[in-house]
Amino acid sequence: MPPIDIAARVIANARLSSDYSVLSLAAPDVGARTLPGQFVMVKPEGVTDPLLRRPFSVFEVLRDPQGVIIGISILNKKAGRSTRRLYDLEVGDVVSCLGPLGQPFKTVASPTRAWMVAGGVGLAPFATLAESLAASKTETTLFYGARTGEELFYLDFFERLGVTLVLTTENGARGTKGRVTLPLEAELKALAAGDRAMVYACGPEPMLEAVAKLAAHYHQPSQVSVERVMGCGLGGCYSCVVPVKHGGENANLVRSCISGPVFDGAELVWE
Amino acid sequence: MTPDLSVSIGSLKLPNPLIAASGCFGYGLEYEHVVDLSLLGGIVSKGLFMKERQGHPPPRIVETPAGMINAIGLQGIGVHRFVKEKLPLLRERGARTFVNVCGTTLDEYVEVCKVLSDAEGVAAIELNISCPNIKEGGIQFGCSLHGTFDVVSAVRKATSLPVIPKLTPNVTDVASFAKAAEDAGADAVSLVNTFLAMAIDVETRRPKISNVLGGLSGPAIRPIAVRMVWECYQLVKIPVIGMGGITDARDVLEFMLAGSTAVQIGTQNFVDPFVWTKVLDSLKDYMTRHNVARLSDLIGAFDPTPPKATHP
Amino acid sequence: MTPDLSVSIGSLKLPNPLIAASGCFGYGLEYEHVVDLSLLGGIVSKGLFMKERQGHPPPRIVETPAGMINAIGLQGIGVHRFVKEKLPLLRERGARTFVNVCGTTLDEYVEVCKVLSDAEGVAAIELNISCPNIKEGGIQFGCSLHGTFDVVSAVRKATSLPVIPKLTPNVTDVASFAKAAEDAGADAVSLVNTFLAMAIDVETRRPKISNVLGGLSGPAIRPIAVRMVWECYQLVKIPVIGMGGITDARDVLEFMLAGSTAVQIGTQNFVDPFVWTKVLDSLKDYMTRHNVARLSDLIGAFDPTPPKATHP
Amino acid sequence: MPPIDIAARVIANARLSSDYSVLSLAAPDVGARTLPGQFVMVKPEGVTDPLLRRPFSVFEVLRDPQGVIIGISILNKKAGRSTRRLYDLEVGDVVSCLGPLGQPFKTVASPTRAWMVAGGVGLAPFATLAESLAASKTETTLFYGARTGEELFYLDFFERLGVTLVLTTENGARGTKGRVTLPLEAELKALAAGDRAMVYACGPEPMLEAVAKLAAHYHQPSQVSVERVMGCGLGGCYSCVVPVKHGGENANLVRSCISGPVFDGAELVWE
C-alpha cells in the first residue's frame, strides 16, 4: 500500500520511564496499511528545527473497543532532540506521520517456530509481529533484553498473546543476567534436528550481528531490522545504505529504507 | 480564467516551473506512489557516470541549523542501466526527465551525453560540474571558467538535447560562470548546487559524516542562492533554473522574481514528499490574489525599490 | 586543577578565546551593564573609517531560516571620536579591544591604523576587507589576492599593533587568501565575515532590506564557516580566529577543533546577550568531562577518522 | 536599572479578541525595574526559529493582592510568526524576557495635563504611564482609536485611574467615527492660552507623525514612541535607527532601542 502523510493528533503519550514513552497517534489510515516491521517517518507539526523527520517502527496498531483501527503508536526512546521532543508531547499536539514505509517481516507458520530477539527499544516492531503470529497460531518466543528490570515493557501484552518470554537484564534484576544472546544460543543449541526456528531480531547493531551469526551457525534463518540515519524514508536520498552480499541495483550498498529495514540476516555484511 | 503556470526553457515547454532536484528524488520512480510524476514540471535524475558507483560509506548526511550536509558521493547505477531500466518507466509515467550527468574527465561527460542522446525520453541534460563530494572531475570544471567553457562546449557539440550546466555556489563570482556557460552554448544554467561544509562531533572530535566534507542544502542557504540567481539573471540571457532551500510557494516565487524561469526542490522532498501539490495550489492562489494570468510574467519581476522603514 | 582557558594570538594573550564580533556588540560599552567586559577574551569594535558614516537607510536587517541578513552599511563615529570617546572607557573597564578597520582606499586603511597606533588601549587591528555592504573599497581588497596582500603589507608597515585581516567567505578558495595575508605579514586571520545574500518580499515584489543585498550571519552559515576555518588552518601557520553562527560552547569547540585559536560570537549576542558566561561555564564543564587541562590543546585537534555508520 | 533576562513562566494569556491577547509573565525583577514606556525583548524558550527576540512595550506591572510585584504583561497583537506564537502560549510555557530596555516617557505634573494618544496596539505603554500620572494626580486624558468597538480594550482600567476617555473607531461603532487625531485637534484648539498639555503618542507611524505635527502646531510638547525592526534592543546592531534633528553621536540616525523608543516629537524627522 502506498504511504500517506497524516497530520495526526496525539491521543496519548504514556511515559513508561524517564526515557521511554508510548506515543499514540490518530492515524487510522496509516494503521490500516501497516504490516509488522514497517516504519513511519514523523515530525511534530510546524517544527522547522530539527528540519528532517525521524524513523520509528510502528509499535501498535490501535483499535477502538469495536475493533476499528483508530491509529498507531510508537515506542519512543530518548536519544536526541527529536525523541526528547516526542517524549514531551501532550494530548492534542499534532505530529506529521508518513507511512507505512519499508519492507515488513516475512511471517512463518507452524511447524516453524518464531523467535523474536529484542534489545531495548528494539522491542518496537515485535508487538505487531506477535499479533500476526498469534493469529496464525505460530509458536512464538520473545527473547527480550534490557538494561534494568524497569525497562522490560509490555510483558503482559505478549503473555496475553501466548508468547513465551525469555528475559535478560544487564544487572540481573529480572530474568537472567547478561546478554539476550546467551539464552538464545542455549535454545538454538537445544533445537532438535529438523526443527526450524525463524529468528527475528531488532536492537543495537552488535546484537543484530551476534544474532544473525548465531542463527547461521545453527543453520536457522534470520530476519533482522537495521537502523541507519534516514533522510527521507522513501528511497530518495541514499543516506541509509547498508552493505549486502547480493545487492540489487546498486552493487552491494542498498537503501535500508526501501530494501529494508528488515533484511535476511545472512545477506548483510557486518562492518 | 485558468492560471497559466507553464514556463519555457528554450524549446522545452514545462507545464509548471517545479522540478525535482537531482539526488533528492532518487530516479523519480521511488516517488511514483506519493506523487503523479507527470504533474511536476520535471524531474532530475540522480547524478550518473558511465559506470555504476558505490558512493561514500555512511554516515552520509547530518542535520545542521535549517539545513543538512550530505556526502552521498554520487552512488548510482550508471547511464546504461538508467537508460535501460528507468527511462522507459519514466516515459510511461509522463515524467519530463532531466538527466544529471557527471564525469571524472571531459571525455566521460561527452560519452554519457552521447548515450543519452541516443535514448528516448530525455528532456534535457543537466551537467553536474558542481558536486562538492567527489575528488576527481566535476567541481574542478565548475570552479574554473575555462573548465566550464570547455566541458559545455564539448557536450554542446555531442548532443542536440538542451544542455544545462549546474553551477556551484563555491565561487567568487557565479555570474561569470553562467556567462562562460552561455558563451559555450548552454541552453540554460541551473544553480545552486550545495555549499561545501563540514560538521564535527565535539564529543568524539571526529567528523559527523564519513567523507568529512559534504554539501550544505536546505532553507539555510536560500538567501545566498536567491542572490546568486539574481546576479546570473542580470548577466545572461539564457534561462536560469534556481534552487536552494525552497520549501513552499513563497520561496518558489522569491526565486522566480529574482530571475528563475523554473525552480528545483531538493531537501524539502525529504521533509514533505507531498510538497508538490501543496506548492502548485498555493501558486494558483497567489496568482488569483495578485491577478497574475501567466506565472512566467513574474520571472525577474523583482522591483529593487527599497521598502519603507516603518511597518504597514 | 583550575582549567586554563587562555589562548595566544602572537604576542597577545587572552584569558579565554571568546571575542565579541564586530558590528554585533556596538562599541562594547553598550553591553557593559549586561556583561563584565573584562571577562571576555576580547571585543571587536564596530567597523571604523576615518570619518563618521551614516550607513544605509532602514530596514537594515531581516530574519531568514536560522540566520539574518544585515546591511547596516557601517554606520559609525569615525576613528577619531572612537579614540577620544570610547577607548578610554573601554580601557577602564579592562576590555581587550580589537578595532575593526575599514577603508574606501588603501591609504584610508593605513591612515586609520596610524591613528590607532598612536592611541592607548588597542589590543589589535582587525582589517575589515570583507564587508559585503558597501560598494567602495573593503570587499574589493578582500576578493582579490593581490588586493589582500597589498593592503595587509601597507598596514603592516604602518603599525606595530597585531594585524588581523578579516576574510570574506564569498570566494572560491578562502585558504589562499589566508596565505596571502600571512605572506604579507599578518599576525592572524579572522573569518568568516557574512555571506552576500538577499531576500524578496513576494507580496510587494520588493527587497526586504533597503540595500537589497546584505550579509548572512547566524547558525545557518556555521557548517560552511567551520569548513573554511579547517581549510585555512591546514594551509597557514598564523592563528585563525573563527566565527559564523556560534551559539554555545559546543559550537566554540567545533571551531577550535577545526583550527581556531580564538572565536568570535556575533548574531547570538542579539538572541542572548548573556551568552558569554554561559559559554564559559560550559567550556569548563567540557574540559572537566574530557580531562582537558588547557583549552588551547584542542586547537586543530580534529580527528578526520570517519565515524561508524551505526549508532553507539 | 540594568536589564536582566528572565526565563519567565506564563501566568496567564487572556485572549481579548482573535488578534489580541494579554500575556502575563512571572518576571518580578523585570517588573520592579520598569518605567512607563520601556520595553522588553521576548522569545519563547527553546524556539530557534524565528531566531531573534521581538520587542514589546511593558503593558502592566503585575502585583499580587498584597501589592508585591509578581511580573509584567504585554499586550500582544498578531502581526507575524512570533506574535502568533505568543498568542497561542498556554499557562506554564516559558518565555525569555529581557528588560527593561529603552528610554521611558518623561512624566509631567500639574498644572501640565497629560494627553495620551493611542492607536490600536499603541495602547500598550499607556497603562503604566497612566498609573504613574494618577499617582502624581496629573489630569490625564486618553485619546484612543481602534478599528472597531470590540478592539477598544481596558477602558475600565483607565476609568478606574480617573483618566478621561476620548474614543474613536474607524466604523463609528463606539466613540466618534474616524481618526483619533480629530478629537485631539479639537481639544488642542480649545486649550486656553497658557494652558499646557504634554501629548504622548504610540501607534502607527502616520498617526505619530500627525500627532507630533499637531502638537507642534498648537505649541504643545509631545513624546512619541516609535517602532522599528529591532535585532537586539541593546544598541548592539544598529538595525533600529531613526532620523532625528539633533542626533547625538551618529549625526542624525540614532538607535531607537537606546535613544528611544520614546522621542521628543519635535526632534524626529518624518520620512
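Per-chain numbering from 1; labels A, B, C and D assigned in written order.
One rule holds in what follows: a contact is a pair of C-beta atoms (placed from the backbone, for glycine too) under 8 Å apart; a residue touches a chain by one contact, two chains touch by 3 or more.
Treat the numbers as computed from the prediction; the structure is a model and nothing was measured.
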{"item": "If a chain touches chain B and chain C alike, it appears here", "value": "A, D"}
{"item": "Partner chains that chain A and chain C have in common", "value": "B, D"}
{"item": "Most distant chain from chain D, judged by the mean position of its C-alpha atoms", "value": "A"}
{"item": "Higher-contact pair (C-beta pairs counted), A-B versus B-D", "value": "A-B"}
{"item": "Mean-CA-position distance for chain D and chain C (Å)", "value": "36"}
{"item": "CA centroid of chain A to CA centroid of chain D, Å", "value": "56"}
{"item": "Distance between chain centroids, defined by C-alpha means - chain B, chain D (Å)", "value": "48"}
{"item": "Shared interface positions of chain A, touching two or more other chains", "value": "48-49, 228, 242"}
{"item": "Residues of chain B touching at least two other chains", "value": "58-59, 65-67, 218-219, 309"}
{"item": "Graph class of chain-chain contacts, one of line, ring, star, complete, other", "value": "complete"}
{"item": "Parts of chain D lying in touch with chain B, wherever the complex brings them together", "value": "48-49, 79, 204-205, 227-228, 242, 271"}
{"item": "Parts of chain C lying in touch with chain D, wherever the complex brings them together", "value": "23-26, 30-31, 33-34, 46, 52, 54-55, 58-63, 65-68, 70, 72, 75-77, 81, 85, 218-219, 267, 269-274"}
{"item": "Chain B-facing residues of chain C, complex", "value": "57-59, 64-67, 69, 143, 170-172, 195-202, 204-213, 216, 218-224, 226-227, 230, 245, 250, 253-254, 257-258, 286, 301-307, 309"}
{"item": "Chain B residues within the chain D interface of the complex", "value": "65-66, 308-311"}
{"item": "Chain D - residues contacting chain C, complex", "value": "2-3, 5, 43, 48-53, 96, 98, 228-229, 231-232, 234-242, 249-253, 258"}
